[in-house]
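Worksheet: one structure, shown below.
Labels A, B, C, D and E are assigned to the chains in the order they are written; within every chain, residues are numbered from 1.
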């Protein structure tokens, strides 16, 4: 590969010039290096209370701070804007004590009012993250006790509360109010502007192409790698297709990429100066059956399919970079157990279940729906199609837009026979997964099975209010076993998360609770 | 008088998928300097092809010269290189065409077209090419000389704004741009109405008289030819069948085809004479009749006519005819 | 401007308005036959039922269809294309952001198409049935037959991945700031601002997509121009020009080409319209941040407001192009200029 | 007498032109593959979706001439079966569009007046949006799939035939022989059927030949955007769409289906050009 | 003699289409024509191109809509008849076109072309060879296509097709102008023979005065959509009264000497001159010719009508 020249921005970014043609230099901003990260997904809306997905949250996490923060693997919740918090014994009241030196990018302090304002704003907007707390937290129950103390009083005991708090970012009330139009809570302005206190601040925002962040000078929390090594900034560049993204890494146009296919790993590993980060993930893949209507309402047929499915193909498709699920919960989730009788490919059993079903000789066609444009579920669909030929069941593989799929899944009579679904729990609390199987989740994308088992529902409700950890975990173990018995879905796999980066990229810290592809940019730097 | 143009044994074929058509089959004729010659014949007899041969305008392929010579001022036009032919066009031999509407470029102004013709003549002459302004002045005077009023306004206009007669006058003016010796007029009035036709014919006669031009006029209309030319050549199916002074031919045609042609034209002044047609139709030149090409339609044809091609012979002084049976 | 022209323009614009309304109806109908639930998209992936319902109200999706339609038309009348369901952003703002990139790409591609297509067409016609003509003709048909997305991939393979001469995709390298917009067309702005290195870099990014986009257009122009030139060179007035001794160069480039350019102009107008729709493919391949990519990504996400917006823009562009071609026709063809 | 001459002329015109010969050869090969496809493919099992993950992404070899794809399908097999699909779809779209457009167009051109005005305005409406964008909107609404893609393309394709048939009908209507038929007392329908339609046939055949190619290309384009055929249907454009993610290392995966699209479309266009030379030697519009 | 075809005040106005650079306007192609064709008569219609003679022919055959005036055929007013009501009448009024190559459907054989009217009216097809023989074509021509025939043969086919329906009126629109003179004479012979044998009536349109004089017993001269002179052909063409007719006759090149009279060219029908339309070209024009309305066509002698201010005043007292 020919070495290409790199471009550099000279002081202040006002004057532009070509870098020396010999060799290459890093992207620089003044004396500091700039790291370029590339993924496939746009960041249409920056507002932390409006929406989230992996790319959006990565930028939000960089620009904003939360009261707490998830770090490490297994994920831990560490203090951030809040130095500490207290919980009342009844599990209803949480009191957060804020750090003294935290300040927004405009220099104003991050005080209790800012926290209250931010939570209130998120709840009022009732979008994005609001669902996590809105049933348990009313805006008027958030009180700024003093400048550095905020108290939340929940409507009912809710054990997962703390596990959600890190995703509630604190915005600068003064800026938001200054840019409010027609009582929109600053929504329009916040779409493309930052009002945070985070380690980075926005320099250029073009959500479909490129986002340029500058490191916030004198970030209140300091830098783990030290002021000397810290970056001058980060660029998130959207390259939709994997081939050009790989090429860009190869040509050193970017320093780190994500959304690489398992097939790419081998190629990338052989490149000199390139390393791979390959970590067990947190995102479960399952094929949800419609348990209410159609042939798959028959548990025996579901079992037959689950036993006929070639689970190894999931691993092969991912070139080994995946782990089969041993329970409805991902392995790094608290309370996860290996459910002993979870199905694996066993054609004899499959045929036995089939013979007990309404279709002893197969002869039916089932629809398998995946999100249009996603490659892995499509290939898994092919594997499913291949597997079910042994049962004389044919599969109609359909890619549909997300909206269509969700809309169909909202009612049992329109939900597809089988739908491939990825679910990433937003927190480490087992309730986030368990609640998918609750009656309340029916019709939502993770509730497409319309799983119907009132006993399990009852256990889920009990567990989320239970404050005794041991008792909770026992309940969850039982929940996992019961769900596997009912087979509302084929429990698939957890794919590894993959990044590839130049070897001079340092400070990468994996945390499974983040979404696929999402990186915590704060601790990273470039060496050399 | 000296011969300005001599055509000898000129044969031209058009090649097509269906074979080779002998469009001109041994043409022999001479034009004296300063004379007026009319060529008459029905459609497909090759008269227009002959006219275009003089300026090398027949597209090749499909046209292919089989044999013969066309000597103009002593030089064989058929062997001229393209550049030399370009130098001749317009400067020595000029041409005016049948349908003035289609022979003027619809999207260019008269000024542009005339200037280009004038400057093209300059370039061909090898001397300095005059400036557009000078060329336009020349165009102005040319238009005046063909009897067009208000040349300045005319120059600024486009062909579609002119009437048929004006267009033909413009084309004549362009033909005069290089001050030619020989003017070839290919059916110059066929597309015009009868009143305008008379005007254009008068103009041509006037130019021939005033400028001492040699005229070769081609038409299917014997009346037009008779009005403008002193001598007439009758063509049939790619051959010259008779060559005679106008009055002599009209009063006493020698070739059976010429006789038939004259008898077929209805005479406005003598309606009591019913015109007679010539039986049959013009032969296909892909497989022309053997011998005399007219013999299948000729009531005097004999076995000899089918076998032997009659030569164009001088039967009377100044009168040539190609017929085995023709008598003075 | 005389009264006739004013009347004509008024009629044409009125007709275009009618067509636009038809188009709006068409796109609205299309977007509503979809079995998807836009509200689910609006509310986000983890949204609960109440959030979905709130989004439905917020976007007016709970209103009956005729009312939704009237609202949409009303919004459009104020230049407002509605809000994207997926992102909540104003489609009008997004279109304004992406349109210049597409226009820039199309203009450059059209320049390539005309500057290469017309001379090649002339050359091919003048050398009719010669070897150059044969090669050119196959080349021209190839332009129409070559799948643009595949051609783009091949060029990427060759020039970006293989030879490494040009970047694979995007509009500028990550660290280069685009010049402050004057016209919105980046290359033009770079020149106006005197930022020549940005211009050079921008050129290196735009050249491959522009070539791919221009190929079918170039081929069409070449074909039509060649055909018209062949026809024109056979025309009587060209024979006359030859007889009058007009120089060959002037005869081909002025006398013949002026006539051949009229139908060529028509195909240029038509192709300009088509080009806007081909950008859908080309922008997808080259990650070009224009309206084509915007339309495709929205269509795949089931987000219809942007698709409708792009369809309207593309249709409007097409109508304007054909109006301009009609007017240019009058300028170039004196026969149409006055009665 | 006459037919042989016309036939000979046709053969002469075709054989004289290298381009036309190439078109005939390409179309014949595609037709042959489409007809014989299921018989000659080396891995018939890979058509229906049988997967072979052990052999995924193999480079071209004796066993797999064109290599294998990401689930181990033989690319040669799928490309050949793709020919059948593309051909059916291309011909289907063209025939359906012509069946809608031609009668409407001839009616418009012959009857004139408000009927023509209404038909032509509707046509203009569809023609004012370049096809691909409209097709994308339609398929996005109807949902992806080969049948929906065909419906969308037929919907954007028919107006072209209205235009052509209308202009032919208009020009033929002005022919004296139509007037002669009217003088003879022929009713409109007879004029349409006996004179207008047969005399419009040549340009229609030429357009249809070219449109088969363009329809193949359009379906492939939709496939490429992920809006065409569903897996495991072996559709060329959809194959390239997937193959894109495997560039540049597994280049053959994208290159072969693309080459087949190119060859097929080229073939039908060259054939159309050749037919035009035979049927309508003076016309040459692009 | 009874009138077979009669027109009163017949007019046709065309609207020109508006384009980008031109407003819509109207052109009077035919303006107030009175015409009478007696049973068995042959009326010649002469004039230069664009004078409206072809339009007049098509008006009379009801092939283009009438703007104003009445037409009667066989004594019956056909001005407002619907196309279906006209269809049976069409059998008795037929048209021969100027260019026989265009008047035959290139895809049909001679047999099919000639048989078409018979089929339409459900007549006996066995008469085909007979029809062909009548126009002087051998029977083997039946299976030829138009492009295999010469111009004269094609015109004969067209005549046979017209005769198939046994018409009483034949409208001939420049039937020989596309033909060579040697063939023209053959066709004229044929037409004369047919008229004598079948008792046909001809409306014969031509710009060739000599041909009209040969074929027709009456002649009408048209200028700019109007008839300016009408009468027996020997009189009109032998002793013309209207200055235009005189100019026309004087312009015809003769085998012998030629002469030139008329100046200028026919004006644009979209912008006709005021007063007598011929006045800008007329050598005798006076003040009254230049203003007011066009002179009316008036009878100046028995069977002789002229539209000229100057003529009318002198001859009829």
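In this section, a contact is a pair of C-beta atoms (placed from the backbone, for glycine too) under 8 Å apart; a residue touches a chain by one contact, two chains touch by 3 or more.
Per UniProt, the chains are A = Peptide/nickel transport system substrate-binding protein; C, D = Peptide/nickel transport system permease protein; E = Peptide/nickel transport system ATP-binding protein.
Note that the structure is a prediction, hence the values are computed from the model and not measured.
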To reach chain C from chain A by way of touching chains, what is the minimum number of steps? 1
Between C-D and B-E, more C-beta pairs in contact link C-D
Could you please state the distance in Å, as a whole number, between where the Cα atoms of chain B are centred and where those of chain E are centred? 32
Between the Cα centroids of chain A and chain B the separation in whole angstrom comes to 90
Could you state the distance in Å from the CA-based centre of chain D to that of chain E? 50
Measuring centre to centre with CA averages, how many angstrom lie between chain B and chain C? 53
Would you mind listing the residues of chain D that make contact with two or more other chains? 140, 143, 226, 244, 247-248
Could you list the positions in chain E whose residues touch two or more of the other chains? none
Pull out every residue in chain B that's touching 2 or more other chains. none
Flag every residue of chain B that touches chain C in the complex, lowest number first. 52, 55, 57, 59, 86, 89-91, 94-95, 97, 99, 102-109, 112-113, 116-117, 119-121, 123-124, 158, 160-161, 171, 174-175, 177-178
Quick one: which bits of chain D touch chain C in the complex? Just the residue numbers, please. 18-19, 22, 121, 124-125, 128-134, 136-143, 213-214, 217, 220-221, 224-227, 237, 240, 244, 247-248, 251, 254-255, 258, 261-262, 265-266, 269-270, 273, 282, 284-286
Would you mind writing out the residues of chain C in touch with chain B in their complex? 234-248, 250-251, 254-255, 258-259, 262, 332-335
Note: in the complex, chain D contacts chain E through residues 2, 175-177, 179-187, 190, 194-195, 198-199
Over in the complex, which chain C residues touch chain A? Could you list them? 34-38, 40-41, 43-51, 54-55, 84-89, 97-98, 156, 160-161, 163-164, 167-171, 173-177, 195, 197-198, 201, 284-285, 287, 289, 293-294, 297, 299-303
